[in-house]
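Data first, discussion second: the structure below is written as C-alpha cells.
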Amino acid sequence: MTSIGTGYDLSNSVFSPDGRNFQVEYAVKAVENGGTAIGIRCKDGVVLALEKLVVSKLLKHGANKRIATVDRNAGIVSSGLTPDGRHFVSRARDEAAQWRKLYKAPIPTSSLANRMGSYVQAYTLYSSVRPFGVTAIIGGWDAEDELPVDGMVGSGPSVGSGGKQEGSKKGGPSLYMIEPSGLYWGYYGAATGKGRQSAKSELEKLDLAAGNLTLEEGVKEAARILYFAHEDSKDKEFELEMTWISSKDGPTKGRHEEVPKELREEAERLAKKALEGDEDDEDTKMEE
Amino acid sequence: MFRNNYDSDTTTFSPQGRLFQVEYAQAAVGQGSIVVGAVSKSHAVLVALKRQAEELSSYQKKIIQIDSHLGIALSGLAADARVLSNFMKQQSMASHMTYDRPISIADISVRLCDRAQTHTQHAGSRPYGVGLLIAGVDGKGPHLFEFQPSGDAQEMVAASIGARSQAARTFLEDQVKEFESMDEATLITYTLRALIRSQPEDKVLSYDNTSIGVVGLEKSFKLLEGEEILEHVKRAYRLEGRAPEEYSENADEGGSME
Amino acid sequence: MNHLPQAWGRPRDDVYGPYNNSYLQTSGPSQHTQSPIVTGTSVLAIKFKDGVVIAADNLASYGSLARFTDVKRLLRFNSRAVIGFGGDVSDMQYLTRLLSSLEINENYSVTSSTELAANNLHTYLHKVMYKRRSDFNPLWNQILIAGLDVADNPYLASVDLLGTTFSSPTLATGFGAHLAVPIMRRVCPDEEAAKELTQEQAVETVRECMKVLFYRDARSLDKYSIAVVTKEGVDLKHGEKLEKQSWAFAEGIRGYGTQVN
C-alpha cells in the first residue's frame, strides 16, 4: 500500500489501516541519506567510525567532530540529521549523569541503550512531535573492576558486607543500535547511513560472533569498511572520524577516546591499499 | 496555499525524509543582506553589508558583540537574532560568573544549536529564521562557526551567508588556503573583497552601509563602523582593481556620498 | 519511671537528665546542618617557584573517636589542580561527586575547550559554597584549591562553609591555621619568597608541619596524603607515614603524654 495521498502519513502517531506509522518510516529515509556510520564490537573493546562527507571547501579540516562521548566510557555515533543526533547525545549524557547521581556508578551500556530506546520511542507517540531523524550506534565498555566505595574517598571494608571479591570479573564491550522507531538491538557489528548495505556485508565477513577480532584489528577493519562503502556510493571527498573504547588494561584505559592520529592514518593507508588491491583483482578478472 | 502536504509544520517529515519547514527557514537566511567571515591563525573577522529600510531610517545592525572575545554577524530575521544574541550573552556571562573563564566558541555554538534544534522537533513553535556567523577567540585560538536554523553549526575557515552570498563563497573557496597566514588588515581586506564580489557593480560599499567586526589573540572584539572602515574598504577596492568614484584619489577624505 | 510509650527506648530521665527535646523540633523555623558529624582536620598548602604542595592526613573523626583511618582528603581534579577538604566528610563526598560530574562534562569534548585551571575551579567551588550558605544549608567544609592558574602560574586559594574566599602563598585550614601557618610563613612570608622557594624546601616544610600537627592536634593521624602540582602534572601520594617523630618535648609538659599531674 502506498503512503502518499492517503492522508495517513501526514501526522506522527497516526496508524495507517494496515498498521504502519509512516512518519517513522520517513524519518528512516532521513537516516538513509546520512554519511555511513559503523560500530564494531571487538573482544577487547569497541570501535566507532563515521564517514563525514565534506560538503564545502570552506569547512575547517579535522574540526566538527561528530562522534560524541557520554559519561567516560561510552560513545555515540549517529547518521541522519546532525542536530537530532546532538539532541540524542545530550539526552544520553543526562541519562548517564542521572544514573550516576542515583547509583554512584557509571551507567551500564545496556541500560543506556534501554533508556535511549524509550526516549526515542516516545517521539513516535504524539502528533505534537516528530520522530528522531537519526539512527544512533552506542558503544561502551562496562568496567570490569570493582568501583571504589565513593569515588576517591576511602577504600571501604576489606571483608564482610561491602567487602571485595577477589578476582571478580564482569562487564566488557557492548554495542547497540537505536532506530527512529525506538527499536534497538545489541550488535557485534552495526552499520547505518548511506553505505549501510555494503558495510553490513563486509561486517558479516568478519565473523565477529567468534570474538577473535582485537581492537586494533577492529580499527583497521572499520577504516577499510568505510572506505569500501564510500567507494560504492560515489561521493566525492570525506573525512574519517574514529573513536574507540578499550578495557582498563587497554590503550584507552576504559575511556571513550578518539583513535590516535598515527593509528588512524595507518588504518586509512591500509584501507586505500586494500581498495586498490580489490580493483586490481577486478581488472585481472576482466582481462581473463 | 502550501506547496505540498508535508510543509505545513516542523513535526512532519516528507516521504523523502525532508523537513520542509526547516528548509524554508533556511531560505529566510538567504533573504537577509550578506555577511562574510574568515579566520587566520591570529584573528577572526566578520564583515557585513547593512540595509536601510527607507531613506529616513537608520541602517540595520548586522554585527553584535556578545563578549569581549566573541561576536556574531546575522542574516535573516533580525528579531530572532536579537533573541539568540541575548541568549548567547547570558551563556557567556554565566561562564564568567561560574568559572571565571570566557566561554569557548565551540561550546556557545553547541548551546545555540541545542536550543534551535528543539524548535525543529516540537509543534507549536517555528524554527529560527536567522543564520549567524560566530567569530571569536578562546584558549584554542580564533574560531569561526556558521550557525543555521536547522540547529547545525559548523566550524569554518571562511563563510558567507545571506543574499548573493554564493559569489562571495566562490571567492573565499579560491582563497581558502591563504587565510591562515594573513595578518589582521589583510584578513579584513579579503573578507571585504568577498563582500564586494557579491554585489552588483553599482552597489558601492560605503561609510554607512558596511560594518566590520574583528577579534584577535591579543585584541578584544571590536566593531568598526563609519570612518574606521574607510581605509580597509579602499584597500579592498584597490586590490579588486576597481575605483568607485567615492574612493578615487581626488574625492575628499571622509567618505561616501550616495 | 515513665512507662508511657513516648519514653520507650529513651534514656531514663532520672538517671541521664531530661531528654533534650529541641532535637525533635516539630515547629518553628526549619533547620539544616547545625554542626559537622564525621570530620577531617587540617589541610596545609604552600606555594613554591614551580607549583604548589598540599597535604592532609588520612583520618576521619567521629567526634573524638578516630573512626576512619584511610580517608583520602586530597582530590586530584585534573593535571593542574588538587583540592584538599577539611571539615565534614559526607559533605566532602558530595563535593567529590559534584566535581566528578563537572570533570565528565569538561571531557565531553577535549578538542573544543581548555582544561579547567585551578582558579576556574576555585571560582566554581566558591559559587557552590556561597549558594549553600545563602540557603542556610552550608556544606561544612574548609577547602584549599592548589594548582596552576590559566597562565600556568602557581595558584593557591581557599573557600569555606561561609563562602569566604582567601588567597595567600601559605594556607592551612582548621587547627593548622593556628599551628602550621606561622611555621610555613617562616620559610615563605610573601609572594616574593614563594618565587624563590624550591620544591624540596616546600615539601620539607609541609612534612614538618604535619608532624607538629600530629604532636598537638588530638584529631590528627600520622598517616597522610601529599600532592605536588607543577607543569609536569600532579604527583599525589596517599598513605605517607610521619617520619622521625620525637616526643621528647612531651616530658616537660604537664598533662601531656605520660606525666599526669
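A, B and C are the chain letters, set down in written order, and residue numbers restart from 1 in every chain.
Just so it is clear, a contact is a pair of C-beta atoms (placed from the backbone, for glycine too) under 8 Å apart; a residue touches a chain by one contact, two chains touch by 3 or more.
Protein names from UniProt, one per chain: A, B = Proteasome subunit alpha type; C = Proteasome subunit beta.
On a predicted model such as this, the values are computed, not experimentally measured, just so you know.
K.L.:
Going by the contact rule set out at the top, which chains touch both chain A and chain C?
P.N.:
B
K.L.:
Computing the C-alpha centre of each chain, which chain sits at the greatest distance from chain C?
P.N.:
Farthest from chain C by mean C-alpha position: B.
K.L.:
What is the identifier of the chain with the smallest separation between its Cα mean and the overall Cα mean?
P.N.:
If we average C-alpha coordinates per chain, A lands closest to the whole-structure average.
K.L.:
Please state which pair of chains has more C-beta contact pairs than any other pair.
P.N.:
Highest contact count belongs to chains A-B.
K.L.:
When the centre of a chain is set as the mean of its C-alpha atoms, what distance in Å lies between chain A and chain C?
P.N.:
Between these chains, centre-to-centre, one finds 43 Å.
K.L.:
Using mean C-alpha positions as chain centres, tell me how far chain B is from chain C in Å, no decimals.
P.N.:
Once rounded, the distance between the two centres reads 50 Å.
K.L.:
For chain A versus chain B, what separation do you get between their C-alpha means, in angstrom?
P.N.:
It comes to 34 Å between the two C-alpha centres.
K.L.:
On chain A, where are the residues touching two or more other chains?
P.N.:
Each of 63 in chain A touches at least two other chains.
K.L.:
Would you mind listing the residues of chain C that make contact with two or more other chains?
P.N.:
Within chain C, residues 109, 111 contact more than one other chain.
K.L.:
In their complex, what parts of chain C are in touch with chain B?
P.N.:
109, 111-114, 116-117, 119-120, 122-124, 127, 150
K.L.:
Touching residues of chain A toward chain C in the complex: what are they?
P.N.:
63, 65, 68-69, 71-72, 93, 96-97, 100-101, 104, 150-155, 258
K.L.:
Name, in rising order, each residue of chain C that touches chain A in their complex.
P.N.:
That would be residues 60, 68, 70-72, 75-76, 89, 92-93, 96-97, 100-101, 104-105, 107-111 of chain C.
K.L.:
Touching residues of chain A toward chain B in the complex: what are they?
P.N.:
These residues of chain A touch chain B: 3-4, 9-12, 22-23, 26-33, 56-60, 63-64, 81-84, 86-87, 90, 123, 127-133.
K.L.:
Please output the residues of chain B touching chain A within their complex, sorted ascending.
P.N.:
Touching chain A: residues 5-6, 10-19, 110, 113-114, 116-118, 120-124, 144, 150-152, 154-159, 169, 172-173, 176 of chain B.
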